[in-house]
Structures are given as C-alpha cells and as structure tokens.
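Next come two complexes built around subunit A: one with subunit B, the other with subunit C.
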Partner chain A sequence: MNIDVRKRKMIPYLMILPALALILLFKIYPIARTLLESFWVGGSVTLKTWATLLHDATFWNAFWITIKLNLVMIPVQVIVSFCLALLVNANLKGIGGFRTIYFLPFTISLTVATIVWSLMFNTNNGILNSLLAFVGIPPQRFLVDKNQALWCIVVIASWKGCGYWMMFFLAGLKNIDVSIYESARIDGAGFLTTVSRITIPLIKRVSLFVLVANTTANVLLFVPMQMVTQGGPQGSTNVLMYEAYKSAFKYADRARSSAIVTVLLMIIVVVCIFQFKLLQGKQDGGAEA
Partner chain B sequence: MIRYKLRTKVILYAVLIVLSVITLFPLLWAVSASLRTDKELFQYTVPFTYHTIIPVEPTFASYVQLFTQFNFLQPLVNTLVLVVILIPLGCLINSIAAFAFATFNFRLKNLLYAIVLASFMIPFEAIAMPLYNVVDGMGLVDTWAGLVLPAIASGLVLFLFTQFFKDIPPSLVEAGRIDGANLAQIFFRIIMPSSIPVFITAGLMIFMDQWNAYLWPLLVARSKNVQTIQIALSSFKMERQTLWSCMYAGTMVSALIPLSLFLPFQKYFVQGVISSGVKG
Partner chain C sequence: MKKYLSLVLALMLVLGATAIASADTTQPTKIVWLTQGVGDNAWEGLTKPILAKYKEETGVEVVGEFHSFDDLFDVIEVKIASGSSDYDVISVDVPMVAAYATRGYIAPMDKYFTADEKAQFIDSAVAAGSWQGTFYAPPMNTSTQCLWYNKALLDQAGVTVPDSTPEKRLTWEDVVDMSNKVLDKVNPDRNNGIFGLDWQQASRVYQMNALPNSMGGQNIGEDGFTVDGVINNDAWVNALTWYQGLVKSGVASQGITADEMGNYFASGKLVFMVGGTWTASSVEALGMKDYGFCAMPAFKGFEDKVGTPTGSWHFGINAASKNQDAAAAFIKYMTLGEGSDMWLQANGDVPSRKDKLDAIIADPNAAGYLKIGAYEAANTAVPRALTPGFSEYSTIMNAMWEDVRNGADVKSSLDSAVQQIDTAMAKYKK
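Let's turn to the complex of A and B:
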C-alpha cells in the first residue's frame, strides 16, 4: 500500500521528465552558456572579450545599424499591423477573405520571401525598377545601394510579418464590447478619438505582447543579411546578429559571439522595459480623460 | 451592428483591395516567373508591358530542371521525413507533460512550470551557437538526431496543451477512473480524443516551425542527405545567381506545401498564433 502511494507520487514526475529533460538540455543549458561564455576564455574568468569588443569599430558599427534598423522597423510594423487589424475588423462583406490574404505571407518562410523580393529588387532585371520606369522614375539600386539596402530589408520583413502581428491585434479588437463604441458615438467621439481613447487602452495586453514579440523577432533578424547582402554593401546591413553568426562560424570566436548575443538580449530587455512604461502611461492618460 | 455610409464602404474596399494587391503581388509574380524561361523573363522586364507579368509561352521546364538537374527532391523528402517524425513525437511528449501539469499537484510543480514558460521566451537565435556546441559534443552534427532531438520539447506547445487540458472537466477523468481505467487509458482513450483541435493546432505549429526553420538546419544539417528545403533553396540562390526561373520555381515548391495546409486549416493556424500571445 505504502509503496503504491509512493509510486503514485512519482507518476507526474515521470510524465514531465522527457519534456523537461529536453528543455533543460537544449534550451536552458545553452542560454546559460550564452550568458557565461563571454566571461570564460581559456579556462579562466576574464573581461578581455568585453574589453576588446567595446573597442571594436566593427561592433559599434553593427550596434548602430541594429538600432537604426529597429527604430524604423518596429514602429512601422506595429503601426501597420494595428491599422490592418482595424481595417479587417470592419463589418463588411467578404472581409474574411481579405484577412486570409493579409495573413498569407506568414505561412511562407523568410527564405522564400527574401529570395522573391531580392529578385524583384534586382537593379537590372527586377520588376520593381520596371514598374518605376513605367511611372517615370529612374532605376534604383535597392539592395546594392548602401543607403537603400537596409530599408529594402525592412520591406521584406514587414511584408512577411505584418499579417501575423495583425492577427494578435485583431484578437484583441474582437474582445472589445461593441456597445462601448456605440456609446462613444452617441457622445460624439470621432474615429481618431475613439481609437486613441478607447481602442488602444482596451487592447493594452495584446499590444504589449505584440511589441515585445515583435522587438525580439526584429532585433534578432538576420536571414536577409545572411542570404543576400552578407552585411554589405559597405557594411550597411551588418547587424549585430549577423556579426554574432560570423564570429562563431567564420572566425571561430565563440566568446565574441556570445558577448554580442548578450548585448542583443540586453537591447531587447531595455526596449521592452521602455515599451512597457510607454504603454502604461498611455492607459493612465486614457483613464483620466 | 455598425453600419457604414456608401462612401465609407467604397473607400474601405478600395484600401482593402490595394493592400491585397501589395500582399499578393510578390507571390503571383513568383508563380508567373517560375513558368517562364530566363530568356523570356529578362526580355520582357523593361519596358513594362502586358507580357512583363503574363508569360508568353508558359512552361514547366524550370520545375523539371529543379528536380532532374539540381536534385530538389532530396531536401524536399528530407524535410517531409523530419516533420513526419517530429509531429507525433512532439505532440506526444509535450502533451503527456502538459497533462501532468494540468491535472496533478506535486512538489516543485510551479518552479518546473516556470522553467517551461521561461524556455519559450528565450529566442532561438540567442541559444543557437551554444546549442550547436552541445549537439556537436554529442556527435550529432549532420545527423537526423541533431535535427530532431532539440526540436521535440517545446515550451510553447507544452503551454498550449496545458491551457487546453485545464479546461477539460475533471468529471471526465473521474468517470474513467470509476470505470477502472488506468492513467494511460484515461489519457489515450478519453483525453486525446476530446482534444483533437489542440492536437491539430500543435501539429501545425510544429510543422510550420520545422518547414520554415533556417538557422538551426543551416548550422547542424550541412550534408546533402539531411539538408532541409530552406537550406537547399538558400544555397541554390547563392550558387546559381543567374538561374532566376529555377529560383522562383524553388520558392514555389517550398511555399506550396505550407500554403496548401494553411487554407483548409486556417482556423487552427490562427488559434495557434493567438494562443502563443494569450500569456502576454
């Protein structure tokens, strides 16, 4: 009887054991390694990696490119997705079809999106230059121009991502009671007032999730850089994540790679704290009004 | 219900259609381009005419070339094998653990569940390099195990199952117990059949993750016999810069299977997406 009770107590542990063991080995242990490896070179604890990194012009160049890219890409994607969600939340015939269309690029890999767009962006034979010529604009160099390449990557990532983020906002909008809008309208609130004073404060939780998840995805974006630009032209798309990838797999410098990833994680945390504060402020403002 | 004035309606539809064109254009363009020869593709690019978009003589030649000359079948089959192994394995291991988290009380439960939740907030890119060293240390680089093992347990899938199982009425489990069923029978005969939607969602999430995975297979599956479709596509792009129609055909081959699953299962896809944000 006693043994039976003890056996029974073991059952839940046995059930979670396979999943938990795999998570510990393949998720938790590697993240611990990431955070520690940059302080651990040749068998002793050292700050050498960090000292070298912080005096490295390539690192700082990549750092500022990452910041520049995300200062544009995160707001663009969040605002576009939010507007898309407002749009497909409209009570119109056939709106479900439009929702499906906007969500469609999510099912396609970033690899495919990158290849298709990079061919469309091609300077000589790309369809985009052909369309520009049609409306009388001279051909652009897009991905091979150091002033345009980064923004072309924003286009690629946003084309693929916005429909995905839209779905979260849409789920949030669907949870809002329609009668709130009715009473706002009776009070004479216009569209913009309704959105800023009612909709945005009411979907705070969803917005926060989108901001955090979107920040994480974008700060770590590297597929287009690895596949098409290789960080160029002239280092203009050499983001930190690509630099970390190169450090580990081209220069075999693991300490540098994990130091860069640590910097990336710190950027994500700082941005998320900032976003959290921003959104909290918004809601308070809405409540006062 | 909100009703719109006719003018508002017209504007809304116009905006919806313009945005649909922007969304669909790259895909339709890729379909069209994949059905042409390179010569024809380049010839009609400038100036922009009707034939810039519509093929003059549509041909499947580049698809044939892709499979005969460039051996695209192998990575395609590899990726299919990978998802066929991983979907049942991932569903089983995560759902069993989730069932324990949802129905039993045991010591350290909260701590262990917190580890699960923390694990799905760690972005994969942040652990890819050390993970490579772990897998390399186990001698699993360039093997199926190297692709499969790290992908089985997923905090997100586990979380999804747990949320679902929590909502199953305890009376269902009790009824099974009274009938003398053991735990395994309760799980496989009662819980599983009444949780089919969440299994579909979880299966689709695993499928999408694997089908579109790039960084991990890039690091760990370099030889041809384990190469996945996205890597085959990306190395084709780097090695054969000039074969545009083949590249377009390759992207279509790679996009076709997720797309054909997406349309009938859209509801479950969206469910999966939303549930990953519930915690937020």
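Let's turn to the complex of A and C:
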C-alpha cells in the first residue's frame, strides 16, 4: 500500500520530467553557458571582458538606446494594441474582416516588413516623402537622420506587432461577461468609466502576459537595425542586441557578446519582476475594491 | 568450423586494412567551397562551367556553397570558427587574411605554392595574402577602379568629359564642376533623384578610403593597430569635409546603399560613379550602353598622391578540412591554372597574375578600362588596412563614413571611430 502511494506521488514528477528536461536543455543550459562564456577568454577565467565592457562608451550608448527605445515602444504597442482590441471587439457586421486586416502585418516576416518600410522611408524617392510633399511638408530624412531613425524603427516594429498583441487583448475582452457592462450602463457609467473601472481590471492577467512577452520581444529586437541602419546614424539605433550580434559575428569576440546578452537578460528579468509586482499589486487592490 | 571462422576474420582484417590504406591515398571525390555571389549572373552562375571542367579533368566534384557578400562573413564566423570540417576551401576577402590567420581559420599554404609560383602573382597580392611572413591565401584576381560616366546625361547639358589618363588625370574639382553643370540642366531643384557623383560602394572603406589616401592619408599605422593620428589627421578631415560638401550640395546622394548604387547608375540617375572594372559588364547586363570611363581623378595639388582601391577575393584552406591537399589542388587550378583563365574571361576582373596583366597592357584590342586598371594595380593601388582586426576596423569605419554622409561633424566622427577602434583592437594587443 505504501509503495502504491509512493508510486502515485511520483507520477506528477514523471509527467513533468520531459518538459523539465527540455527547459534545462534549451533554456537553462544556454543561459548558463552564455554567462560562463562571458568570463572565458583564451582558455582561462577572467573578469577582463566585463571590466572592458563596463568602461566602453559604445556599450553604454547601446544600453541607453535600448532603454530609450523600449521606454517608448512598449507602452505605445500595449496601448495601441488595447485600443485596437476595443475597436474590433464591437459586435458589428463584417468586424471579422477588420480583425484580419489588423492581424495581417504579423503574418509578414519582420525581414520583409523592414524592407518594405525602408523603401517607404527612403529619403530620396520613398512614398512617405511624396505624401508629405502633397500636403506641403518638406521631405524628411527618416532612417538617415539621427533624431528620426529610432522612431522610424518604433513605427516598423509597432506596425508589425500591434495586431498580434491585439489578439490577446481581444481574447481577454471576450471573456468578460457582457452582463457586467449592462449593469454598468444601467448605473450610468460612460465609456471611459467602463474601460477604466471594468475592462482594464478584468483583463489584468492578459495584460501581464502581453507586457512580459512584449518586453522580451522588443528588448531583443534587432532585425531593422541589422538590415537597414546598421546601428546608425551616429549610433542612434545601436541597441544592445545589435552590439551583441556585431561582437559575435563581426568581431569574433564571443566573450563580449555573451556579456552583453547577459546584461540584456538581466534587463528583461528586472523589468518583468517590476511588471509582475505592479500588476499583481493592482490586481489585489482591484479585487478589494 | 573454427578454421573457416579464422579465415573469414583474417580476410576481413585484410580488407579493412586495404580500405584504410586506400582511404589515406585516394583523392576525395568531393570537396566543398564556401563562397559568395548567389545567382546565375553572379559567381554561382559564372563558376558553373569552371567547376564542371575541373570535375571533367580531375574527377573531383567541387560543391560551391554560395552566400550573399555580407552573409559569407557571418557563416565563416559561425561555421569555420567552430572548427567545422564541412568546408575545404573558403573564399577570403583579402583584408580578412590577417584576421583569419590569427584566429586559426585558414591553413598556411607555403608548402603548396613554390617561390616560382608565388612570383607569378603581383607583389601586392602576395603581400596581402600573407601574414607575418607566411603565405595563407593566393589571389583569385585583384580589383581596380575607374570613373564611369553617363554620356546621355552629359550630352543633355552639352558637357564633354576631357581625356583623362593615368598620366594626365582630371581633378575631383573638375568632376564636381561638370556634375553641377549637368545637374543645373537635368535636376535644377536638386529634388528629382538625379545625382552628380557617387561611389559604387558608398560608405564602405574599400572605395571611400581612397579619398583620404589621395590626400596622403594612410588607412592604419604601420603596426596594424594604431589609428589615432592616422585616420583623424588633416588628410582625413579635409577629404571627408570635401565629400560631405558634395552630399550637402546635392551632388552626391544620401540613403542609397552600396548594394543599390550600381543599379542607380545603370538606370540613368547618376552622372559620374567611381566603380570597379566589372562595371562595364554589370551595367551592360542591365541594358545601359551609353557610358564612358576614364582614370580616377586626383585632388588639385595632390596629383602625385593618387590612391586607388584594390584587393579582391583570395582562396584559403579551412584549417579543419580533412581534404587539404585536394583543396590546395583546386585553389592552384583557380589561381594559376586553366580555371584562372576561365574565371578572368568570365568575370572581367583585373588579373593578379603578372603574365595576364602584361598581356592586357600589350594587347591593343584590350578594353580601355582594363588597361587603366592594369596601370592602377601596378602604380596607385593602396591596400586596405592590414590588421587582424579588419572586421572591427571596417565595421566602425563604414559606419563613420555613413555618419559623415548623413551630416555628422567630420572631426568628432573620426575621433569617435578612433576611440571605438582602439577599444576593439585592445584584445589583439596581448
């Protein structure tokens, strides 16, 4: 009998063993290996890579660009996605068509999207400057201007990503019982009150997922930088991920690349802990209210 | 029964030993060449008949793995750096020879090329293919540049390009003057996308560094590491300021990449373009017939300091290859043998073999741009920075050129490049 109980207790552990093994192999091991590589130069353990990195102006510029980009891009994408989800949540005829249209950019590869947008942003013969000229605005330099390039990349990444995040918010909205909205309407709640007091508190879990996943995706973004700006003009789009790529594949400096990737990992962990705390706290508060 | 079993075992032993012995002495039937130039109009298509001929003559199949120019460097850093023996022959962009030799990616080739064979190459190509006295990479060909121009646009403005030979060159100031005359006619508001003068490899050190070189500037210090005081001195500041002035005045472009510039010229939107000798075949393939060429101009007052871009692709043997002898045999075929003749014929590049260069100079029917190229290769060619940190150097300097093109302050851009290169080179100064 005791053996049966013990066997039964083992079953859950056995069930999660394959998943655990895969996580260890494909997540934990690469992370540990990356961390170790950052201390490994020429067959010996050293702190030199980290010491050089922390005194490297290029690294700190890339660090700041990464923070600046994400401080703007993450809120923009989350807010735009939420607003789009509210729009396509309406029960109207043909609304499915709009949902598809908004989701469509996500189905295009980021590489293709970047090429298309870089053609539109082309300072010499891009369509955006033609449209600006049509309304009397002088031509802009977009991706070759150090003050505009980073924000052009925000546009590219948001155009591509918002439809995707919108779908998660939409799924959350669909789970809210319509009777809650009806009672709020009877109580005289307006649109903004309904959104802020009912909708947002009730999709906290979805919001948390979107925030964490969006942060991870955006902090690691580098395709537009690699394909179009190469970190320029004047380092204005040189994010940490691109710097890590250059270190590994252009400079053959795996230790520096691993150190930068470790920094990126730490940024993501810190931001996600902050987001968890923030939303967890508010969720508790919301529940009490 | 035991007797039969012993016999079978002995037979198997003999067969196994024979197999091992034959594996040691027999040439492999297949080797793999990691290279660049995807597509039928690029190396992939051009080398097809050469590889077929090699197989016919030797029985060895050379499988080319073709990548885009940029991707090749990444593949080398991933596959070759990991010690993979999947590849036997690697195409090596010549300024990377020192880096690949230092990192142990490519094997020395002194034992495969005798002194007489090395002497068949021009000296600059042998020097560029060597590092610290060891010969690592024989040249496929070399490269030189001409100034190409669009006759149709010049005709519209009634401008005729005077004769310009290596002995009596145009000046850059003359070229800008002619560009402005044409633009005043065909693009008076400087807003229809037609430009006066540009570089086929805009924002790449390969072509752009020739500007400061032509004012007496060097690419890197003699030690292969020093850049402070070398790339931020007066020659560099003056050359880059002159170039930035072209962009600001709308003579040269912004935002057109090196990958696009050749097509831009062929589509009739560029009056003058600095381009390699391969430009003739590439623009003709795109339907452009009305073009001309002349020798690279000089800066006024620096007529005796003209520096022209050079260097091209060399071959290396993957240090981890298990077929190094077969790889060397193929490389010799492609650099000194029939494969080299076929390649030079197909690609139209400037040879790095002395006999072929002499033949071009002596041949009254040889294309004029090849004659100019042959002269420049022997007299004005300035190799790119010879340093194990060329990848770092070129990445930082390419970005610097692009920044200056986009309006960044010249001196601070150069100083910033110096600081970045110094940091990146630190790991080589052990």
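Observations
Note that the second predicted complex is superposed on the first by the 253 of 289 C-alpha atoms of A that agree within 3 Å, B and C clash if a C-alpha of one lies under 4 Å from a C-alpha of the other, contacts with A are read in each partner's own complex, and residues count from 1 in each chain.
Criterion: a contact is a pair of C-beta atoms (placed from the backbone, for glycine too) under 8 Å apart; a residue touches a chain by one contact, two chains touch by 3 or more.
Everything numeric here is computed off the predicted structure, so don't read it as measured data.
After overlaying the two complexes on the shared chain, residue contacts for A:G161 are found with neither subunit B nor subunit C. After overlaying the two complexes on the shared chain, residue contacts for A:L20 are found with subunit B alone; subunit C is out of touch. Once chain A of one complex is fitted onto chain A of the other, the partner contacts of A:P224 are absent, as it touches neither subunit B nor subunit C.
After overlaying the two complexes on the shared chain, residue contacts for A:Q234 are found with subunit C alone; subunit B is out of touch. When the two complexes are superposed, the chain touching more residues of subunit A, out of subunit B and subunit C, is B.
In the superposition on chain A, A:V144 makes contact with subunit C only, not with subunit B.
In the superposition on chain A, A:N125 makes contact with both subunit B and subunit C.
Of the two partner chains, subunit B is the only one touched by A:I115; subunit C is not.
Put simply, subunit A uses residues 125, 248-249 to touch subunit B in one complex and subunit C in the other. Listing the residues of subunit A that touch subunit B in their complex gives 9, 11-13, 15-16, 18-31, 33-34, 37, 84, 87-88, 90-92, 95, 98, 100-113, 115-120, 125-127, 129-131, 133-134, 159, 163-164, 167-168, 171, 178, 181, 205-206, 208-210, 212-213, 216-217, 220, 222-223, 226-227, 241, 244-245, 248-249, 254, 257-258, 261, 264-265, 268.
Across the complex, subunit A meets subunit C through its residues 52, 56-58, 122-125, 139, 141, 143-146, 230-235, 246, 248-253. Residues of subunit B touching subunit A in their complex: 1-4, 9, 12-13, 15-16, 19-20, 22-24, 26-27, 29-30, 33, 41-42, 45-48, 52, 93-94, 96-97, 99-101, 104, 106, 109, 112, 115-116, 118-119, 122-123, 125-127, 129-134, 149-150, 152-153, 155, 158, 183, 208, 211-212, 214-215, 218-219, 230, 233-234, 237-238, 244, 247-248, 250-251, 254-255, 258-259, 261-263, 266, 269-270, 273-274, 277, 279-280. Listing the residues of subunit C that touch subunit A in their complex gives 73-74, 77-78, 81, 99, 103, 191, 193, 253-256, 389, 391-392, 395, 398-399, 402-403, 405-406, 408, 413, 419-420, 423-424, 426-427.
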